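Have a look at these structures, which come just after this line.
Two complexes are shown next, each including chain A; its partner changes from chain B in the first to chain C in the second.
Right, the complex of A and B next:
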């Protein structure tokens, strides 16, 4: 079912989205001076006002509160355009994808009515305050506290947050703090709670804007709370339910990195292509050289996969009630962030020395792209998340046999039969995916089906080998995650190409070629990862990796003797 | 209070930023898959109408466009900028290549009469054909005064002071209403259609008509013989001395030997 690339219901819906996009694109081309925003390290207040007027601060806020009420697909489409300036894009994301998202998904009617209208016009900006100096990826370990007053009407917030986007310019903060919660048995526990906090409540100070490598126009700073009074009406969701809200908020915006990344890369590919077409060296245009062609093919295919995955996820988010596409969103984020970084680097390389100069935008796009792998959940954490989900599903199936595996001597014959079954199981055409698709994609569909089964095999092997302690085997978890990422990407590309072929869209043969290449390369990666998982730590180099890393930490740095060292005698 | 009723004509043209390419059959330019938008001078006309309405001098703005189905996008942009209702005169693709300013001016004349407008605002010319004819023809058909190449329009009692950009500089004339104005670049800077307004525009009325509804037949009176790229620019040559320059000019036949 995943292979049926979803559609917007009507042609008018597509047209409507395009109508919304056109003025925004024009505004960004004509009015947003990315170079000066980068150099000054600030987005001019006037520009913020104009962006607010255009309606861009309320993209997902419902009409009744003054927003555009865009669904996931509309939001993803708009992200392609706003990605033209990364600082602006991140300011938007900090404001609406996370800053006020909590109010949208967990807010009461009163909270929505009170805060959303001003946030929709950009009159007030929002910020998401979770990260602290000692709590980054480990969000549950935050130490900011919210203590309830004697009369039970106010919480007092104490603590400090760092790296808060829009921290210095926001008026409304979604703040996460630990609160003491007493359960029915009378046990007291510290649990995370989400609060809507207004700067006007007092006791809030913002540090000076951080001087960053990229997205320099986006305001990032420390935010400190000194006995800030927060009325209990401003608790978001339930007291003690903050962690779940935080995770839901972060999960809900993640997929748009695919479309914003694709938007950025499409522009870069265009610029670089113009250069390759016109630049002559060795009496030939650059575009005739194989090494240059390879770069463009990589960039085009990566962009295609990114785009396909982003919209597959977005359209599915819109098609189902209460969908859980958190794994897919994580996949999109990991792939897109790394794809953007690599392709931005390649496009810079095409320009050679010129690409390195600040007079051209390539270096800025590269610097802006670096943060993508870090924020919104580092790629390392997300890979673990993706892998754990693969294990979760396979684990359920294997529950029966796991009892056997823990104690093989108890029922040796069943054990033996199971092992036989598992090892001899060659991938069979169970899913008949090729029947759902355009006939020219048979081979790719078969590859997809086959490798999905191999992933299952790999998961089973790991569970057999490690049981529950698999969660500590991060070398393997990374491989599982990478396999899942490649499979989801293949699914998206194949589905989209099939649709394009069936619909006769322009340049659909080009799409087919790109999907063919993507699948070919993905299968190589899948083979390598599978091999490494199945062959065990002594063959795949993991043992060596651990030893090397251990030594570096013992020696507090690089540990090999200098190559020029001699023994004295 | 009786405000002015304004009709604004809009044309959907290839976007100004696009690199136009000649069709292989050399009878036109490539339009398929190419980005289109409202003629920039027409945007200025819409903006002027909206400003008049904001000043409470105008009471209703009607926008009209003649062309294929896609012209509705252009009309919706105008509605999003502040127009009140739109009329789309549907001209099918096959007839569109025959559509000329003479036809458009006849259609607009009929619409202006039907809608009982006081001012017709048009862009001075379209950036695709550069005809610069529709406004003038329209004024003639309606027998109304015209203020063309307007860079400033001020309402007076029953008339308009129009400052026109002419070769010699600026000329200000006073014309009685009802009148036809064509806009020039410096009249105003058009606003961006905001997204909330684009959404509101969907609810504004847009009626589709046919040229025959207005008794106009789209019959071409001329034929395109060929469309060609301008000659590619040759590289220049630098010469070291005046003598060498003279020699080269003589060589190329630009000077008598």
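Right, the complex of A and C next:
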């Protein structure tokens, strides 16, 4: 059932979406000068106004408040277009994907009526304030405090946040601060709470915009709160419930990175292909050389996988009521960010020296792509998130079984049955996935089923070996996450190809070849990860890695003697 | 026998003006270093004097060498390769190389070979690494296949391989300055990678102008632990512990507090099985069980170490000054009660008086005001 690539219900829906996209695309190609935005380090106010007129500041806001009310699919499609200029895309993301998402998700009717209309037109911009100097990935360790006043009607915010997108130009902030909460037993605890803070409340100062490597047009700065009064009506959700809101906000915006990355890469592949077709070296066109062909195939396949995953996630988000696709969204984000970085680098490489020069946009795309791996949850944290969530699920299913395995002598007969079952190491064709797909994809379906079963084996082995402390074994968690990412990507690609083949879309045989190549490469990676997990810390090098890292830290740097060293004696 | 030559040269140096100028060693500023250089110079001059006096017919040079070897440690030249080379140069060259099969088979000139082996043994004992010049010398004296050469080759091979294996390697010549010695010792003992060493110079009291040093080691983690320390629990300053830098002892004191034993409690097997795979991760809740406090590197079962110091005079007053210096960075120290429990190091232990044969009043738990 997962392999049935979902789609929009009617042809008219697709048409309608395309009509919405077309003027935006025209606008971006003609009116947005990415190069000058990058050099100046600023998006001109006029441009922001024009983007607001197009309605792009309220993509997910309901019609009644003046927004476009795009669902997840529409939002993903729009992200493909806005990705043409990364600074603009990030400004949008900072404004709507995280900035006002809190109001959308957890706001009361009054809060929505008060803030969303102005935010939808772009008259006011929103920002999301969570990160502080001492807490980036560790969101729960923030130190900004909100103290309740004597009369219980106002909170006073004190603290500082750094690296806030739109921090200098926003008027509405979603701020997270620690408040003292008394629970039922009367214990006092510090818990995080979300507030909607307007700049007009006073006491808010923003620093000057930071000089960044990429997305230079987006306004990133420090925001300080000095006894800012926040009325109690502006608390988002309930007092003490800020952590969950923060997690929900962050989880809901991630999947669009897949489609925005795909949009950017499609353009880059286009430019680079033009170059490869026309450029001649050694009396041959570049496109005839194998190394160049390899680069283009990698780029195409990565883009295909990114797109497929992003839209699979987006369409599933729309098809089900209250879906929890946070793990899938995280997978999309990790794959897309790394794919974008690598493919932007490759496309620059195709151009060689020309790609390195500022006259061409490749270096700007490369610099803009670097941030994708860092913001919206660093890739490392997301890998842990993917792995831990999967382990939680697996652990629930396997709890009884694992109890048995950890104490084999307590229940010998069950142990014996288990040993018989485990003796067959090879996966069996149980799922019959090929029946749901186009017949040419049988081999890929079998690979998918096989490796899913191998993943189950790996998970069982790790749970059996480490028990509860598996959450500290980050070397293994990373491998599990990588396996999960590859499997999800394979699912998405196979599903989409099957649909294309059945429907007779243009170039569907090309899609089939891309899926075949992707599955081949993915299986290669899966094999490596599986072997590394099963063979244990001594064989897969983890022991060595720990030792090397420990030595580097003890020596405060690189520890080996210089190759030219001679002893005095 | 060696003593006579040594004292002779010593008196010469003191009386002769020209020699005094030569042995002034102006490039060395520290008087202790000057003294050491002087002793080394006199040692080598004594050997030269012996060679000059006895010429080719050096009878009893083996006894002379044994005497000199014994004198090296008291004269503090036992780590100096040049002195050993000087002793090796006493052996006559070429005379003792075996000429035929029988001389090769049996230890030719055994007493002399044993003497040479003694020199090499003392050299190895004090951790001196010989160089190839010693090998050339042995070859000239005894030839290529003999006991001293075997000994030398083994020393050369082994000590060179192991010279960098000590993770707490000290410099070959230890510094003379007590502050630098204290810093070396503290650096050796510090476990925390973020440890910070500070040296303060404090005057003994208002009147005296001389400043005594206090070298103290504390890391930001320890500062944080002091910051959150409850005012009801005391902090103990325990001391008089000894740490060695090769052969120089340093007395250090430790600021310690009792550790809460609950942080060492591990869940029992039943508890673990009950909560198996009940993951409460950093993504699920604000204060997950995963981030429960693990004991950090300073928290041991015997106590939590909050700081270390080495002072010039290891007396209670200097420790009080140390606490006062620490209060700059740890303001909480003013309000937390501090208990001193000092044991004097054995050097200053019981002093037996001759009359009445009674030990003087120096019990282990009271401070020594000297």
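One rule holds in what follows: the second predicted complex is superposed on the first by the 561 of 569 C-alpha atoms of A that agree within 3 Å, B and C clash if a C-alpha of one lies under 4 Å from a C-alpha of the other, contacts with A are read in each partner's own complex, and residues count from 1 in each chain.
Keep this in mind: a residue touches a chain if its C-beta (ideal position, glycine included) is under 8 Å from a C-beta of that chain, and two chains touch if they have at least 3 such contacts.
Given the structure is predicted, the values throughout are model-derived calculations rather than measurements.
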- prompt: Of the two partner chains, chain B (first) and chain C (second), which one does A:392 touch, if any: first, second, both, or neither?
  reply: second
### Task
Determine, under the contact definition given at the top, whether A:68 touches first (chain B), second (chain C), both, or neither.
first
(message) Quick one: is A:16 in contact with chain B, with chain C, with both, or with neither? Answer first, second, both or neither.
(response) first
Considering only touches as defined above, state whether A:54 meets chain B (first), chain C (second), both or neither.
first
Winner on chain A touched-residue count between chain B and chain C: chain C
According to the stated criteria, A:566 is in contact with first (chain B), second (chain C), both, or neither; which is it? neither
Exercise for review: Considering only touches as defined above, state whether A:283 meets chain B (first), chain C (second), both or neither.
Suggested key: neither
Query raised in the report: In the superposed arrangement, which partner chain does A:192 touch: chain B (first), chain C (second), both, or neither?
Result: second
- Task: In the overlay, answer first, second, both or neither for which of chain B and chain C A:208 touches.
- Result: neither
In their shared complex, chain A is touched by residues of chain C numbered 129-131, 159-160, 163-164, 193, 272-273, 275-279, 281-283, 285-287, 290
Contacts from chain B onto chain A in the complex sit at residues 17, 33, 37, 73, 76-77, 80, 192-196, 198-199, 202
As the complex stands, chain A meets chain B at residues 15-16, 18-20, 22-24, 26-27, 29, 50, 53-56, 63, 66, 68, 506
Counting only contacts in the complex, chain A reaches chain C at residues 138, 140, 191-192, 243, 247, 385, 388-389, 391-392, 395-396, 398-399, 402-403, 406-407, 463, 467-468, 471, 553-554, 556, 567, 569
